[in-house]
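When the chains are written out, they are named A, B, C and D in that same order, and each has its own residue count from 1.
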């Protein structure tokens, strides 16, 4: 068989490990050929691809980024790809396509699959918010990076008797904030799923100071927001220097807490360090397994499906299940976290 | 309620995180009291314990080791504890005991539980070989430490055109070797579950050298052994300097490969660095959750049970299920790994 | 003898290692007593101190922050301390004071010394900008943290074909930007010592894109600024949400580059993660040595001096030499860095 | 100009950073050409080399190992190279050679230089034992790896109430043991420069246990040895399984201490993990600077010299100064370390 592979969407530690695993399994396990499209679906449409042999993927297991590049595709061109799904396969002589990507990519994958392209998807997101899989690779690395930052900030907050507000990634789901907050021992966690009241944070900090713990670290997902009416949230106009554009909830909350508490509060916005670089061992193992099973999925004809972690097993689940709704942090997970603040 | 907690068995990153979580949840969630027995069951028998308040567990979340200490208890004295199970509880005024430990500890916990002590266990092992839970805390840290070592050894092996044999922990189960070997991109993995033939490793190395990859890294669990008749395994006499005592499979295999290949082979025995120190974020989260749910288990009367990870949930499972047999690496997991060598 | 020790100024990895080293050397090497003042000079004035024995400093070698706390002292109260320098020593029965701190602290130390207090200083700053010592502890850790961030950002920048602007600490001197930029392989470095022209950065990025390297990482010290007339720098009014307050050169430069290049540019502000947490081995060794030699300095009567690294030796240099001027990055160091962009 | 570069001797983190820096500085700073010889002096003799452009060194800054490979050259063939020194230069059209290597390599470099080859050396050793330079790259990484291991072992030693003996590299000089022992807070350090008496270690451990610190970590350089008559050191015969070959001082000392103390003692031999993998920021900066200055040295005609760190400056020193004697740990450095045990 001849299999195409591509990576699409934002950077995510483990992409290269999946590519390598697909190539190894396909070549040494099945005697297949593999070609890699460059810059995601753009390369698929524009015919930019290259053959991937064992040497092409040598040494990339632990490397961040993606050797194939990634780019966004406008909706219109995706439609174009779907309309020519079978023709594209013929053109490149591929028997299957393995797109590796997040929710948008998997939605596109489903569209191509519905249009007749033999597709086996591999889910990817540092946000861990894809339904139908227990975890995604990249998430563990993001949590580790955020946790190491919180570890460092705690000693500084303590020495300076300060409140630190750490903003981590997570626009629609609070998984990174939840797990790094828990692992780092943050004293407050704010996630999109549960609008927060700054008054609760103020009370927590004051209670801590009262019993001699003169510092606090609060971990906030970038998509977290105050409950209605609890905090003046500003209007977000953009000036020439883009202030608004880059002023997220972390900074706003730090300002708000400083005003209410009359104590120094400082924001730290972790940003893109969470989505690049060497993946953790956990993510490498998961990425390896996803790649292996994607190739098996191709050989078993599991088209229209994607790999998913369920307990300790990798299973094939319909792409449709993955994209119906985001996987959000359930209440009981926040309950677990809150009791150890 | 008044809850006792103890840690027993070998060191494992995350023990302190469990203790802290138990104390936080019990005190702030339920208004309980917690006492900690020192040096595992020994402290329980000898009446060595101390009250654990929020301050006692401040700052220990990310610290390796256990603030309560750990020690082995001879079987006879364990029997003695079981015979006085109810009396011991009365003596310390405890309504429940939360022992945190590996297979031996959980077996002891079951014995005490059968004898009438209200026990909720928390499983612990870096080896990940406890049945009834998908993973145990400490394992992720051990895999990470081993993976980072393999990452470093690969560049050295390549520069020196050498074979490196890395021996990792895992006496009865090969989980650490499997996952660190996969994550590190080892070219061979040997685990106790699947006796190996040195001839296969020799063939793999020669194939690599033939195609210009003039190095190899082999990851071996300490409990791995050659298939019958494939390798002269020595007799293991002990001289004054304890040579035999410390000569494990990693060293033997390196010697064997060097002889058969006529190329330099070097053993690296990672040893105890795998079981100490700062836990990974993953292990801290799991440890936190286990502690939280153990306290809930106490309040729900789930005695004779232990916490277990099942998919993304923490469930309570009978201690009996945990100790019937070791969780060993299944064949399909090795298949996944082998194809990406 | 009886020696007082205190830590003042911002957090810096290695403070605890110095305290521990002072205590060990004084107690086991000389049979001295040591007391630690809390919250820097504030504790000295307010009589808040505690005896430091071997157990008080057990386990703190690798811990970030300072067990003694730190706080800023207003200039007026410092004057008050100087006026009562000898009286304060009598009051606490101390024969010498070892203040550990940055430029402000060393200036204060000099003032106290001039007023008759027997003082031996230990220099501390993550910024490495204290004259008279080759390096200060804390700097290596800050550089390491910043370098690891740049390592991660490079793969993300490459995958997304983006420009990343990383802002690191360094208000008056560009040492952290210089060394982390060099170590991380940044493609541009901006430091306070050398005003930059955004046009040069634009040219560099365009040259890179032209030869197929479709990304760039620029490392900017927080105190860097454009050369006069090269960039509209804004006025910095502060709105209720403190936008301006937190909009530093990193963000401004990213906006400027995005506008000029017509390509995505993103700022990452590392902030306080650079000054907390576990110190590197290098910093621990240097901190250990400084503490040891400070005690020796006390016993040799080297008052009015501080410890300093000169080549491989620790020497005692006059406090006056340390505070005359900041140690700034010399031109040749930037030349070395620029040629490997 | 046309410059040749090669790496020889054992692996050392930072080699690639030097190669990259040489290429960048030569090409972009001077418009030179650079060729890289493969496998050290072997490639020089056998004519195996390749041109090195900017793309050849892209992405290697933080990578362990050496892209040029390394190999040992027998003394006879080195003689042969020296005899044809000028002819070799003509043959490859090179105006200068930059060999990067340890003591052996620098001795060879001196021989070639004496024979008329224009040579500028770059010193390299994780052992830090080259005279005439304050530090060498690779050393900081080795110390960091060893320190992280000691950090992990301490918690395990404490939980198990054990003595741990960590053997680190350093055959002739104890720098790694000294600095990692100090940074990790080891309770004993044994180095080749100062033969140890096991009785002192026994006394130290017993004193610790007596005051409630029921564990100890001892850091031993592989070249450390007991003072004459203090310990039966065995004869070292080699059996088929190579026991003796791999039984170093770490293992012997653990056995000896266990016997004398009647307490569990365990050896951990760190081995080759100390010399591979990603270099620390410190080592990358030093390697970058050495590469830059080596090229400057070539252009200034500083042949027969090598780069050296002196304080904060890189200077050119005669090769002869580097190879007269090993740089060994002076007594005062051990004194500093011992007082903080």
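We adopt the following convention: a contact is a pair of C-beta atoms (placed from the backbone, for glycine too) under 8 Å apart; a residue touches a chain by one contact, two chains touch by 3 or more.
Since the model is a prediction, treat every value here as computed from it, not as a measurement.
K.L.:
In contact with chain A and with chain B at once: which chains are those? Just list them.
P.N.:
Of all the chains present, none is in contact with both chain A and chain B.
K.L.:
From the centre of chain C, which other chain's Cα mean sits the farthest off?
P.N.:
Using the mean of the C-alpha atoms as each chain's centre, the farthest one from chain C is B.
K.L.:
With chain centres taken as the means of their Cα atoms, state the distance from chain C to chain D in Å.
P.N.:
Each chain reduced to its C-alpha mean, chain C and chain D end up 29 Å apart.
K.L.:
If you average the CA atoms of chain A and of chain D, how far apart do the two points sit, in angstrom?
P.N.:
40
K.L.:
Distance from the CA centroid of chain A to that of chain C, rounded to the nearest Å?
P.N.:
Whole-Å distance between the two chain centres: 34.
K.L.:
Specify, in ascending order, the residues of chain B that touch 2 or more different other chains.
P.N.:
151
K.L.:
Using the contact definition from the top, classify how the chains connect: line, ring, star, complete or other.
P.N.:
Contact pattern: a closed ring, each chain touching exactly two others.
K.L.:
What are the touching chain pairs in this one?
P.N.:
According to the stated criterion, the contacting chain pairs are A-B, A-C, B-D, C-D.
K.L.:
Would you mind writing out the residues of chain D in touch with chain C in their complex?
P.N.:
Within the complex, chain D contacts chain C at residues 20-21, 24-25, 28-29, 58, 61-62, 134-135, 140, 143-144, 146-147, 151, 179-180, 182-185, 213, 280-282, 284-285, 288-289, 291-293, 310-312, 336-337, 339-341.
K.L.:
Give every residue of chain B touching chain D within the complex, in rising order.
P.N.:
10-11, 15, 63-66, 69-71, 145, 148-149, 151-161, 164, 232, 234, 240-247, 251-252, 254-255, 266-269, 271-273, 275-278
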